[in-house]
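A, B, C and D label the chains in the order they appear, each numbered from 1.
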Amino acid sequence: MIAVASREIRDRELVFVGMRLPIVAYAVARNTHAPNARGLFEVGLMRDQAASSYLGTMGDPPNVAGALWATRMSNVMALMAQGLVDLGFIGGAEVDRFGNLNTSYVGPPERPRVKLPGSGGGADIAVLSKRWVTLMTHERRRLVERVSFVTSPGHGDGSPDWRRRHGLLGRGPAAIITTLCVFRFPHGRGEAYVDSVHPGHTLDEVRGATGWDVKVDAGVAETAPPTEAELREIRLRSSVGSQ
Amino acid sequence: MIAVASREIRDRELVFVGMRLPIVAYAVARNTHAPNARGLFEVGLMRDQAASSYLGTMGDPPNVAGALWATRMSNVMALMAQGLVDLGFIGGAEVDRFGNLNTSYVGPPERPRVKLPGSGGGADIAVLSKRWVTLMTHERRRLVERVSFVTSPGHGDGSPDWRRRHGLLGRGPAAIITTLCVFRFPHGRGEAYVDSVHPGHTLDEVRGATGWDVKVDAGVAETAPPTEAELREIRLRSSVGSQ
Amino acid sequence: MAEAIERFVPDGSTIALGCALEPLIPFAAGHELIRQRRKDLELVGPISDSLFDEIIGAGCVRRITAAWIGNVSGGLGHCYRRAAEQGIPRAIEIHDHTNFSISMALWAAAWNVPYLPARTLLGSDILGTNPNITDVDGLVYISAVRPDVTIVHVQRCDSQGRAHAWGPLGISEEAGLAADHVIVSCEELVDESVTLSDPNRILLPETKVVAVVQEPGGAHPAPVQGFWKRDHALDNAYADESRTLEGYEAWLKRWVLDVPDRQAYMKMVDVDSIRISGNRPSEPVNFADE
Amino acid sequence: MAEAIERFVPDGSTIALGCALEPLIPFAAGHELIRQRRKDLELVGPISDSLFDEIIGAGCVRRITAAWIGNVSGGLGHCYRRAAEQGIPRAIEIHDHTNFSISMALWAAAWNVPYLPARTLLGSDILGTNPNITDVDGLVYISAVRPDVTIVHVQRCDSQGRAHAWGPLGISEEAGLAADHVIVSCEELVDESVTLSDPNRILLPETKVVAVVQEPGGAHPAPVQGFWKRDHALDNAYADESRTLEGYEAWLKRWVLDVPDRQAYMKMVDVDSIRISGNRPSEPVNFADE
């Protein structure tokens, strides 16, 4: 999943890196196919190199040492609000087929069944970054028909140009990367389709673990397996208790 | 005039210091009766000591060395917008009997007879500081019945509570200090009256050099002459070409 | 610290904490709030790792005005869940924010305007749950949030409140400027010759600072650049133990209630495993004026 | 500098200059604009001492969006007066601001919102002359100002555009963040090991910087902390000589048009009288991570 996520990062892009897995994905991309990709961290950092050791948070000392800019969050957000962030990563507890994320409430907000941590910078990235990607464990309870609460808007109700009509700056979710497959969104349409299934898994497995009637593209490819270089980078950084 | 201005500064106050004369006035106050007065400079500085040598501008190196805070202007303005600045100094080309200052246009703005430099931070101080003082060479062309353009609002049209009714945060001008006298403003009323005349000058002289029908308070005092200590501080800092 | 909290943080206060996000979180101050049994607090911040969760669990909190409350290692904030889902130990009011919107809310207060406009949150249901954020014609209006007290932990500070903080600053500056009062806890209490040698590094105007407390390790388990790494193990342990109410209460007794002060707390921590011993000095700059 | 202006500042550009107010004013860049005969520029800034006056006198300016234009030593800006009063050498459009309002206009652009509200300017006639500032119900709405290019002069910078500036910063940060492009001129071109040793001191994100020019004395006669005092004498001289059109033209020929570049310019200056030779170093901080 991390290797696949890292491939979403193109060389020279400015990437808004979230917590945990995306931090590793950025490091992998930086040290393989995207040597000139810069990472932006909402804590108030810009980097062009992966941290030298494991990070529990984006604000850990190894992520600060050698930074290109240590500043205020509102300055980092300024770049994103100007449409200068090419790609953002957002974590989520629930995602629906239109790419909307819920990280706030399962059940009614006034009396939630599960109170999730909240947006953090997620809604900011979802609205303002040019495109974004979310990583998720592929479970039926996570990939739902419609999220009960939209914390970070994807393509809303899926209707054409929903984002533009609602004034959202960025183009929205480009992919949902799960432990089983990669969903993508057709240009100008809001509903996710299966683009590739990870090696060792099947489309039926995906259908069974997804809370909506899964759409597939003309041909569903097999996700390219992690390369040696990718695996080396991942091991290097996941060794110490990253989940 | 500088000595008189320095006496407007009370100990422990936060003073928004302008250019030139007020810089000297702050130094005099700091080194005589107001040892704990702090100076705030819109360039982005806070100080609690007078600069060690002559300043052509508030941003000259001696004003930065030993500063308590070197920051952005918008942070300094934040303190003033919160009503935390006790006293501000504003320079002006024209003032009227309601304490309104013009530093923008003499004559119609679209085709001015004289284009003055503009507000700088003047209008900010006039609106936001708790109280403010202006220093002016006492000439008929400078002390006018009504300014043709209000850059920095004093008591507006002089009507009761004009400032409060227009939403201005601070209480407005406390004094107009000229080369001949000190005008003050009665509480809750907007028109300046002569509070004291400088030694060696007369009320008639003031009347003759003022563009409006000068009001006087019950008793017009003589302005206390500069003390030895005040003179020493002034000479120390005016030596090099300050005007 | 006990005296600073006693004097400047009464029950019902609105307090901004953890404003540098993951680093420099004033855990020592938070634990003192709990020990002094503060009530009806409003906590303001972006994401405070587990600190807000701990304070909520202790029943000190009336309202949360924040972007994210959980535990960076574990994810979910279990005390937050219990409070929001079951009112245990007490019900809390939640004003959802994003990192960007809480920053704007504090800048609004710093500049003394009722709100600031922003382009975030469009299309998000948070617009429906936070009464202080509304959208009109494709712009979102974020109401000012003015803390009574902002508490920051920094690397060094002098006795007059001139604080030097380095590394990412998150929303520390706007939170301090927006607050009526600022409490500074610091690793090192230094002479003003150190702080005034670099006025650009002074985080906030001393006129806002009402208390300076030297509290080495005051941010633990959060990291402090140049002083402490993040204590991942301890943070993970809290995530596990706080899963159940009993587990949390045991954790609270051991790490907060039965601990007299931060010095005693640090004696319980494996400081050698997290102490930063290296030196990576900043290149000096010259403030000379002649 | 010639190349940077040539490539990144076409006729008609909106340029922010002098954003640190009295210090660090990029006079060298301004003089290059004049030498290259730029036309129809919009100048954006708070107060730029005499730089804006000089550029206006040279006929390069279409619009002024600033808080104060004159000459700190002399007061009135004589070229500004001639342009505004008589259209000499050409008429200019004036958008009056205050120091606070121009800062807010730039923050609005930095955060990509159409305007920011503020509490300044209430009751001022500037509300009537600047079409981009209006008041409604006791709040003033300041429209965003987005420079095409912001030019800053700093003490040191590396080849990748990581600029270290110290001393008061005025509106440099918001001006740089709001701009599409940033040009940096610096006293010292240093290795990135210097700039990256202190990422907190880096003024702007390198992704905004399109050119870095080493230009010792590039701010003269404005002061540069640690490098140059303000050249009061020269600034006073300009104030006197620019009083008449002839005087200004003579000044312009001598100090700008007949000068090939900044090195030649500095040879005409009594550098010994303004050079700062002392050392007042900032106390280093430790960025170590282990």
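Side notes on the structure shown:
Heads up, the rule we're going with is that contacts are C-beta pairs under 8 Å (C-beta built on N, C-alpha and C of every residue); 3 or more make two chains touch, one makes a residue touch a chain.
Nothing here was measured: the structure is a model prediction, and the numbers come from that model.
Note on connectivity: the fewest chain-to-chain touch steps from chain A to chain B number 2.
Comparing mean CA positions across the assembly, the chain most remote from chain A is B. Between the CA-based centres of chain B and chain C the separation comes to 40 Å, rounded to the whole angstrom. Computed centre separation for the pair chain B/chain D is 27 angstrom, with centres defined by C-alpha atoms.
Across the assembly, chain D contributes 104, 111-113, 118-119, 139, 166-167, 169, 173, 200, 225-226, 229, 276, 280, 287-290 as residues in contact with two or more other chains.
Multi-chain contact residues of chain B (touching two or more other chains): 45, 60-61, 64-65, 67, 70-71, 74, 77, 81, 169. Viewed as a network of touching protein chains, the structure does not reduce to a path, ring, star or complete graph. Checking each pair of chains for touch leaves A-C, A-D, B-C, B-D, C-D. Listed in rising order, the residues of chain B touching chain C in the complex are 14, 38, 45-46, 52-53, 60-62, 64-71, 74-75, 77-79, 81-84, 169. Listed in rising order, the residues of chain A touching chain C in the complex are 19, 41-45, 56-61, 64-65, 67, 70-74, 77, 81, 104, 109, 111-124, 126-128, 149-153, 156, 162-163, 166-169, 240-241, 243. Looking at the complex, you find that chain C touches chain D at residues 104, 111-119, 139, 155-156, 164, 166-167, 169, 194, 197-198, 200-201, 225-227, 229, 276-290. Residue ranges on chain C touching chain A, taken from their complex, read 20-23, 46-47, 49, 66-70, 72-73, 75-77, 80-81, 83-85, 94, 96-101, 103-104, 107, 118-126, 129, 137-139, 166-174, 222-223, 225-226, 229-230, 232, 235-236, 276, 280. Per the touch definition, chain C reaches chain B in the complex via residues 110-113, 162, 173, 177, 196, 199-200, 202, 204-207, 287-290.
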